[in-house]
Structure formats: structure tokens, C-alpha cells
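Chain naming follows the written order as A, B, C, D, E and F, and within any one chain the residues start at number 1.
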Amino acid sequence: MFIAVSAVLLVAIALGLVRAFRGPTLYDRVMAANMIGTLTVLMVAVLGFMAERPEFLDIALVYVLISFVSTIAVLRVYASRVSMQGSDRK
Amino acid sequence: MLLSNLPALQVVIPLVSAPVCLLLRNPRHAWACALIISWLVLAMALLLLQQVYTLGTISYAIGAWATPWGIEYRIDMAGALMILIIATVGAVTMPYAWRNIQHELHRKHTGVYYTCYLLCLTGLLGIVVTGDAFNLFVFLEISSLSSYVLISLGPSRRALTAAYQYLVMGTIGATFILIGIGLLYMMTGTLNMQDISQRLPEVADTRTIRVAFAFVTVGVSIKLALFPLHIWLPNAYTYAPSVVSAFMAATATKVGVYVLLRFFFTLFGLQFSFNAMHVGEILMLLAVAAILIASLVAIFQDNVKRMLAYSSVAQIGYIILGISLATTAGVSAGMLHLFNHAMIKGALFMAMGCIFLRLGSVEIHNMHGLARQMPWTMAAFVAGGLSLIGVPLTAGFISKWYLVNAALTDGYWPLAVLILVSSLLALIYIWRVVEAAYFHLPGADMHKVREAPASMLIPTWLLIGVNLYVGLDAGLITNIAQQGAASLLGQALQ
Amino acid sequence: MSRLKHAINLGLFLFAIWVLLSGHYTPLLLVLGVLSTLLVVFLAARADLIDREIYPILLKASVLFYWFWLGREIIKSNINVARLILDPAMPISPNVFTVRAFQKTELGRVTYANSITLVPGTVAMDVEEDVITVHALTMAAAKDLKRGDMNRRVCHVEGVFPCS
Amino acid sequence: MEHLIDIVLLGLLMITGFAIVRMKSLLAVAMLTSIYSLLSASLFVVLDAVDVALTEAAIGAGISTILMLATVALTRDEEKAPRHTPLLPLAVVTVTGAALIYGTLDMPHYGDPAAPVHQHAASAYLHDTPGEIGVPNVVTSVLASYRGYDTLGEVTVIFTAGAGVLALLGYRTRRRNIQGPGIRKLVVLRVIAKLFFPLILLFALYVLFHGDYGPGGGFQAGVIFATGFILYALAFGLGNAQRVIHHPLLRIMAAVGVLIYAAVGIEGILLGGKFLEYGVLADDPVTGQHLGIMLIELGVGITVAAVMLIIYYGFVSRQD
Amino acid sequence: MMQPLLDVLSWICLLGGAIFLLIGAIGVLRFPDFYTRLHAVSVCDTLGAGLVLVGLIFQGGLSLVTVKLLLIFYFMIFTGPTAVHALAQAALQSKLKPLVDDHEPR
Amino acid sequence: MTELLGHYNYWIVIILMMTGFYIVIARPNLVKKVIGLFIFQTSVFILFISMAKIEGGTAPIIEEGLSVYSNPLPHVLILTAIVVSLATTALGLALVVRIQEAYGTSNEDDIHVQDEED
């Protein structure tokens, strides 16, 4: 059962990767990365149960936090650049 | 109690002082801290050398864990000699650094400079004393990372690109070494060098070990700037602050050579490295190419620092040539040259720093008539240059003499000719500077140039003094080099 | 004075989390837990984050009830969106509109905006003062949101009456 | 069955790698690098390396990606085509790869319990750790005690990076607390950051002190701690974050962490043992080990957190 | 007695979650523009992830594991929409025009 | 077949390493080079971790009732190596930022052109 779930997760990650490759905008890629982050969290949790080592959940928790912060950071760093360019144009 | 922990303290004391230096906001205090530590390190190095001289190889188990499980520090004669070289150059360049750094670095960087210098010193010492393959990688990275920073602090913007280029190549080299260590670990199950060398014969005939050997060799060759992989070196030495050039030229590549020796002789063993893998022939070929090509290129440089950098590549060729013979005579000649070249290049780069301080340039066409204004600096340069060429009564002559002897013993007489020819090339490039400084009429602004300050001249002359001393009485250092070579090769033959 | 109370509340909440996470109840780890909690509360105070109670609100009955309601909404709209995704014709009609948030506090508005985003089919694109720009996948989803059911319920939770 | 996941993940990694080579937009490449890290982190979980997975995720998907994006934001986004033909690099890569594949032919098989790697030192670590160190997580015991000296080197490496970034990028204190015109609109982010900031810090400390029992330790804790502050800086502006932890304080923290570590080692010498011998720190060797490991993990955590923030501040304060 | 029931419940949840995750991923691929794709991400973030976690909670029983899973769930519920919102906001700020259906008036 | 499965991991890892290596040596953009180094190093980490895996083993955190653990030593080494790679990445990127400020470009070829003009 866990196998089936992790297989589905892998397929979903692959689909997310396709979106990350195709873009077309940066935001699509960030979105794909964010989704892959979520899927990875679930994957780690499921793997933890599969290996019967639920200590793995700590890792999943860290992933949630890190992928959130890095998504936000990407957007903020990029947004500051966009607003900079905007002010340049004026 | 402290004495028995000397091997650990040798590395840990500069390590601890680096963060302390960062905390000292006043650059003068940071400098004083670094100065004291450098001389302390030299004192410890001498004590350690004396211990090894009397007691033989020292083994120190960090954390008191038995060897294959914990990390071992292992110092034999070759290691002690290396430590002495590093510590000497470090101690001599430190008093020199103050004026040089004030002049060449932006004010806000001076504090960080001393921190990074101490870290670099830590890394280099750590590489030499460790008996653990992975620990070597870690300290290699400490020294590399700090030297990237040190180089990037140079006065022109090209220092940044030079540092970047070095970073990329250095990281490739380090990663290659890491791959090699990984493969070795995979086949032997241990990281301790002694332990690996004992377990290696069982698996020596596998393709994995051969590949591991190749990767380690290529990786270390990048670090020590062996001929076709030297491209990072000229830029790095040219654009780094002068004191950094002096320190690095005298230590960093030398430690690279030492790592190569460790891997070839201690870890893989003479038998495997030279008989099974035929690394001797390849090294000899590359060394010959390095000596000839780099010397030729050096002749056409206008920037003297760049010229000295190419000359370094050529001199590394000599050292490698000695090693490639794989005889006690050859290796000890290589190690002797390693010591001598460290002293020579250190002194020459320091002389360039003096000139840069007063002249603002190290290009030959700006040096016309300089000898009249800066007689002591130019005299130091000439003395160092003579040693570089290998004129009798200088250190350079001694090591070349041993090198020629070693080559002749093995019947490689063309090598002897090669050494002679390349000495002529060295004569040409040194002469270009001498000609400009002594025999050309001074330029219009030359009368404003003054002699370098004593704080920079004295350290320069100290290294020149070592050169001349070795040239007159080479007994002690030759003895140490021979013992070092014997301990390297002897271990391999066991 | 109330800042201190908030700080104590935060500390208790964090310590509870620590105990739940830890799973090792040796004296050493509990002491470390207390120290960690104190450090975090200190930093949060330094960062000027203890201006109101956030965590205790999350455990109020009305909030739990709201979560329950929101969960049902989420499931419903999830099934809707899933159908849209799988439909070969993909009958979507994306549209953008604005809604006014009735909530008075920042926290309330954010709860509302995040609830909008949580429910698939609508995404809060922008929050400026009390105007929320929403992107909806279908007209139906937009209509659903415009009815203002969720808006009122968030107000309820916030405890701000009456909603204008 | 784990094999299957392993194979698929490696395949995905390979595809991502190729995409990174081909992609011209550097922002896209940075995002793909982050995905690459996440995928390799999951692979580490499959391969039982939980501590490594934790670190790789925190480093690769977190701070490295942020740094890469900050750099790309300062440079031009599009990558120019190389001027030289890629034939020589291609040849070099092919030769290197071929050599490595040649080397794999005599390797022990993947997962083979009889491989030499598992016999010598490793089995001793697994066997002796409960008795000698008394810590369930063998990775922690090897990291902090058996090979504690490597970890001292590791902290020094990170300290070097901090000093280097300090030298290269320096720091500028922001007077303006709020950056960009859009900060007013960040209300959602601000509220969520307010909610999460204490939780992330607490979680970092939890990871720090539970490294003995589960995945984690000083390094991971330091990174997570810094991440919490990065989130704060993102939501409330760099100026505010610098107000909470001053730059001089960061400098001190970076140095103090290394000093704590080294001091534990030197204390071992002063108490008559070897450098980094924790056994002599207390009457009972196992207690001494515990104490030593805890202290050095603390040192690691402090330095890493400080250096991460120094690096982040350094990069972001260049954005003007 | 309870165990088989819990198992069945957990399998149902896991399977359902997996299906929603897959659908969400397909949506991310199929939807025509960035803003519509965000809705598909929402599907993954909410019901997909939620059901999988609930399924795991049933497996874990009443223990610390459950607490950690709940904590993950809690984190996800807050971070997911915030990230999606931040994405939409950033895209809007950079003048990325949403695809709007013009058949029906606003 | 066993040969293939037994080495599959290593071969893919080698391809990954070479991908990163290729980026470093073939691409002129300085940021991309650093990214290449990052990929190169990360792939080496996978090589190490692969060799630590034991068939049927589990994470090396000792627990009652489990007997087969994967090898902890490579994990420790790679933890250190990850830190090193982060330090390298940070320094490399900091250098790129400074080069960009000094040269106005982060393309190696353009920098060469500017250097030759000096």
C-alpha cells in the first residue's frame, strides 16, 4: 500500500518536474518547486512508515519549513528586482 | 603535558586564534595577535622537529580513540620539515604584512585579512600533520577557502577573477580528491592512511583502486599546479596582495607536493604507484614540460610577479622531477628543493612587495634605474635571483646539485642537461629585471622613490639569509630532507 | 503588563510543543526545553512579535468549529476542481474580482484571505487594506465566494460584531 | 521495493541535471537546482541517510537556492552562449566519466552487506556506540566524538566562509526598515511569519538538543535557526532583522561557536587527556561523552546560525 | 478488533490522498495559465496532502508520531496557502496578466 | 542482470557528476559555473551515500529489535562535505557579485575581453 502511494507520489513529482522544465514563467517554476516540496514531505513521511522508522517525520517537518521559506525568499528577492527595474524605467 | 599534546596544539592554536582575531576590531591588535601566534607556531614547529629528530615518527590519537576509528595525527621527518617550512614562512611574512597590508588592502579588510591568514595557516598545518585521508580533505578545504579570500583581497579587480578561477579549479581538484578517497574507502573500509596502505595490497589489482589513484593524482596536481593544470596559478599570484603571493608561493603549492608524496608513498606505496601505475614516467614528462615551457613563458613577462609565478610553475617541475625518480636520492633532492624554493620564492615575492609599496608597480618597464633608489631591496632580489638560477654558494645550487646527481645515478643524463638549460632560461628572466634596475637610466619620477621600510626589508633579508646559509652549510637541512625521504620510502618498502 | 501575559502564554504554548515533539522526558532535556522556550520568547519579544495572542485563539471552540466548516468546503471544492482537471473539455472560466473583507483586524483578514486560497477554485491574489483581489477558476466558484458566507463566518471567529 | 523508488528518483535527478545544462534562464536554473537538491534529499532518505537528508534539504533547497537567486538578481538573468565549441569540455567529461565507469566494474555491488565498507570501522562504530558513547544515533556519535576533529574542521570551514563573505561583501545596515514599494501588501506574509517565527526557532533548538536521538544536530539546527530569521527579514524587512540581531553580535557569535568547540577540546588536554577527549570531562566516561557532545553541538549551532545570517545579510544588503 | 478497521480506514485515506495528489499534478500540467495552475496546486496542498497525512495518522495510532503528523498538517495548512498567495501576488506585481474568460461579463 | 542492477546507482551517479562537471568547464557564465560545482559535489555525495547502503538495512539510529543498520561513516563524511560545498558556493557567489560590480558582467568571455583591453 505504501508502495502504491509512493509510486503515485513519484509520478506526481515527475509531472511537477515537467512543469518546472516547461515554465514558461519563473512563477510556474517556483510553483512547481513548491509543489515538489510538498510531495517530498509526504514522500518522506510515507517512506518513514515504510521503513518503520517514524523518526523520519522530523525531516518532513524541516522540509515543510524550508520549502516554505525558500519559496517566499525567491519571490521576495525577485520582486525587489522587478520593482528596481520598474523604478529604473521611470 | 602540553609537550605531549604538541601535534594537536600545533594546529589548534592558530585555529583558535583566527576567531579571536575576528573579534579584535582594531587592525593593529589583530596584527599583533597574528604576529604572536605565527612566532609561537614557529617555536612549536622547532620543538616538534626536535621531538621527531630524537624520538622518530610521532603518532597522536585525537580524542584518544584508537587508530582506525578515530583520527590520527602522524608526523614523520618529512612532515616535520613541511611544518617547519610553513611556520618559518608564516613567521617571517607576518611582521612584513603590516605595512604591505596597510598599503594594498582597503582599510575595512585589514582585520579580516589576519583572520583568513591564520585560517590558511591552520589548514596548511592540518594537512601536513594528519594521518587520515578524509581529515586531509577537510583541512585542504580550510586552506583553499581562506586562500581564495586572501587572493580576492588584492588591489586590482583582476584579483577577483583570479580568485574565482582558483576557486573553480581548486574545487574541482578537491572534489576529485574526494572521489578518490571515496573509492579508496569503498575498497578498504577505512580512512586511516596507515590502515589503508596495509589493506590495499589485497585489492590493489582492482580497476576501482586504479581509478582512485588516477583521481587523487589529478586532484592533487591541480592543487600543486602541475604543468597543464597550473592555469590558475599565474593570475592568482600576480593579482593577490604581495604578502599573500609570498606566503602562498612558499607554502600552498609545497603542501600540495607533500600531499602527493603522502599519497604516492605512504598510502598507495612505491610498488603500486610507480611500478603498477607507471606514474613516474608521466610525472617526469610533465615535469620536463613544466620546466621548459614555464621558464620560456616567464622570459616574456613584463609583470615581475607574473614572471615569478611562471617561474614557480617551472620550479614545481624540478620538485616533481626529483619525485618522479622514486629513489631516495631523487625524493630527498625534491624535498630539499621544496625547502629552498619556498625560501627563494618567499623572498623574491617579498622584494616585489617592497617595490610595489614604493613604486606602485611591478612592471619591468617601470623599474628603470630602481637599484639606485632601493639598493637593499634590489640586492635582495639579486641574491634571491642568483639562488633561483642555481649559482654556487646559494641554496638553489645545492638542491640542483643533488637533483642532477640523482638523475645521473639513474642514468637519466638528458635530465642533467635539461636542468642546465633551464638554469640558463632562469638567468635570462632574472637578468631582464637586473638590467632594467641597474643598467637603465632612471625615469623622470624615479628620484621620488625611497628605500622600503625596515619592517619589510628585514623579513625579506631573513629569508635571503636562510638561502645564503643553506648555500654555505647545507648539512642540517640535507640531513633532514634525506631522513624525510627515507621515512617516506622506507614505509613504502616495508 | 499585558505584554508580559502574552509572553507567558507564548512560552507555555511553545513549551507544550516542545514536550509533544520531544518524546524523551529526562530532566536534562526538560531543562533544555525550558531554556529554549525562554530564549525563543526573548527573541520574539525583541523582534516585537508579542503584540497579541495568536496561539490561544487557535484553540477556541468557535475556531475549531470554523475549521470544521472550512474542511467541508475544501472537500467539496476539491472534488469540483478535480472534476474540472479530468474533464477533457476543461470547462473552466477563470475570472478576477475583488471582495471586501469585513474583518477589522489584520489577523482576521489574513484568515479570510488564506481561507479563500485554501479552498481550491479561488485564490487570493492580493490583499490591500480590506480589499482582496481574488482569482477564481470558474464562475460558480466566484459566485459562491461572493455570497459572503465565509466572510461572515471569519468575522464570527474574529468576534467582531456586527459585520457591516 | 525500495530499489524501485531509488531507480526512479535517480532517473528524475538525471533528467533535472540535463535540463539544468540546457536551460538558458539562470533563474530557472536556480529553481531547478533547488528541485535537484530536494530530489537528492529524498534519495538520501531512501538510502537511510536521514541526517544527510535533513542537511541537504536545509542547505540545498534552502540557503543555497536563496543565495543563487540573490546573485542572479544582481547579475543578468540570461546566459550567453559560450564562444568556444564545447568539444574540448565534452571530451574531458567523457574521458573522466569513462574512467569512473571503468572503476565501477570492480566495485562491490550496491547494497552488498559483504562489501569492505561495512566490515572494518563501520561495524565497530555500530557495535561500540551504545557502550562507549551511550547515544542511539550512531551518526551523531561518529560525527561528534569518534571523528569529532573533522567536525571541528567543518565548523572552521563554515567560519572561513563567513569571514570570506564578510571580507567580500561586507555589510550595510539598513536604515529604512521596510524595503520595496509592495511591503504594505505583505500582510498575509507578515501574519504568518509572526506565527511561524517562534515555532521555527523552537524547532531549531529541538533539533539541536535531540541530535542524540534522531536525525539532527548542531549544524542542521543552526541552518534552521537562520532560516527563521530569514523568514523574519523577508516579512519585516532587513532593517528590522538586523535590529533583532546586530551585525557585531553575529560576528561575535560566529567566533564564539568555534571557540566553544575548541575550548572543549583543550579542556580535554587540561584535564590530562588528549585533545577532544570527552571522557575526562566528567567522572564517568559516558557522561563525559554526553557533556562533550552537547557542548560541541551547541558551538556548531551558534557558529552555523551566525554565519548563515552573515552570508544572507551580505548578499541581500547588496541588492540596492 | 480495532486494528483492521483502522487499517482499512487508513488505506482508504491514503489511496484517496494519492488520487487527489495525482489529479492535482495533472492539473498543474494541463491548466492553461499560471493562475489557473495555482488552483491545481491547492488541490495537492489541501485534500491530497491532508488525506495522506490522515491515513498515516490512522497507521500511527495514538502516539508521538500522531503529534508530529498533526504538526506537519498544521504547518502545511498555514504555509500552503501563504505560498500560493505570495506566488499570485508576486506574479500580479510583475504584471503577469491572468487569462480571463471573456464569454461572460465580470 | 545482477551486474546491471548492482551498479545502476553508481552509473547514474557518474552521469550526474559529469553533468555538473560539464557545466563547470563548458559554460562561460560565472553563476552557472558555481551551480555546476554544486551539482558536481551533490552527485559525489550520492556516490558516498550509495556505498553506505546495506540491503535490508535501516537508518543508523540504534533501536531495540533492529539489527541491520546502514553504514554511518559515509553519512558523517558527507555531512562535513555538504558544509564544505555550502561554503564554496557562498564564497563563489560572493565573488561573482563582486565581479559583476567591478566588470558589469558575469560572463567569462566578456571579462576576458575587458581584461585584455587593460
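A few remarks follow.
By our rule, a contact is a pair of C-beta atoms (placed from the backbone, for glycine too) under 8 Å apart; a residue touches a chain by one contact, two chains touch by 3 or more.
As the structure is a prediction and not an experimental result, all values here were calculated from the model.
Common neighbours of chain B and chain E under the contact definition above: D.
No other two chains have as many C-beta pairs in contact as D-F.
Across the assembly, the mean Cα position most removed from that of chain A is the one of B.
Between chain B and chain C the centroid-to-centroid distance comes to 61 Å (mean Cα coordinates, whole Å). Centre-to-centre separation of chain A and chain B, using mean CA positions: 46 Å. Note: centroid distance chain A to chain C, computed from Cα atoms, is 21 Å. Between the Cα centres of chain A and chain E there is a gap of 12 Å.
Across the assembly, chain F contributes residues 17, 21, 25, 30, 34, 51, 58-59, 61, 63, 73-74, 77, 80, 84, 87-88, 91, 95-96, 98 that each touch 2 or more other chains. Contact of a single residue of chain D with at least two other chains is seen at positions 48, 50, 70, 100, 104-105, 107, 115, 117-118, 121-122, 125, 147, 150, 153-154, 157, 160-161, 164, 168, 182, 185, 188-189, 192, 195-196, 203, 210, 213-215. Counting only residues that touch two or more partner chains, chain E has 24, 26, 38, 45, 68, 71, 75, 78-80, 82, 84-86, 89, 93.
Across the assembly, chains come into contact as A-D, A-E, A-F, B-D, B-F, C-D, C-E, D-E, D-F. Interface of chain D with chain F (complex): residues 3, 6-7, 10-11, 13-14, 17-18, 20-21, 26, 29-30, 33, 36-37, 40, 43-44, 47-52, 55-56, 59-60, 63-64, 67-68, 70-72, 74-76, 79-80, 82-83, 86, 89-90, 92-94, 96-97, 100-101, 104-105, 107, 109-113, 115, 117-118, 121-122, 125-126, 129-130, 136-139, 142-143, 147, 150-151, 153-154, 157-158, 160-161, 164-165, 168-169, 213-215, 219, 311, 314-315, 318.
Those residues of chain A that touch chain D in the shared complex are 3, 6-7, 10, 13-14, 17, 20-21, 23, 26, 29-30, 32-33, 36-37, 40, 43-44, 47-48, 50-51, 53, 55-56, 58-59, 61-63, 65-70, 72-74, 76-81, 83-84. Those residues of chain D lying in contact with chain A across their complex are 1-2, 4-5, 8-9, 12, 15-16, 19, 23, 25, 27-28, 31-32, 34-35, 38-39, 41-42, 45-46, 48, 50, 53-54, 57-58, 61-62, 65-66, 69-70, 73, 179-182, 189, 196, 200, 203, 207, 210, 213-216, 220, 224, 227, 230-231, 234-235, 316, 319.
Those residues of chain A that touch chain E in the shared complex are 1-2, 4-5, 8-9, 11-13, 15-16, 18-19, 25, 27-28, 30-32, 34-35, 38-39, 41-42, 45-46, 49, 54, 57-58, 60-61, 64-65, 68, 71-72, 75, 78-79, 82-83. The part of chain F that touches chain A in the complex is made up of residues 58-59, 61, 63.
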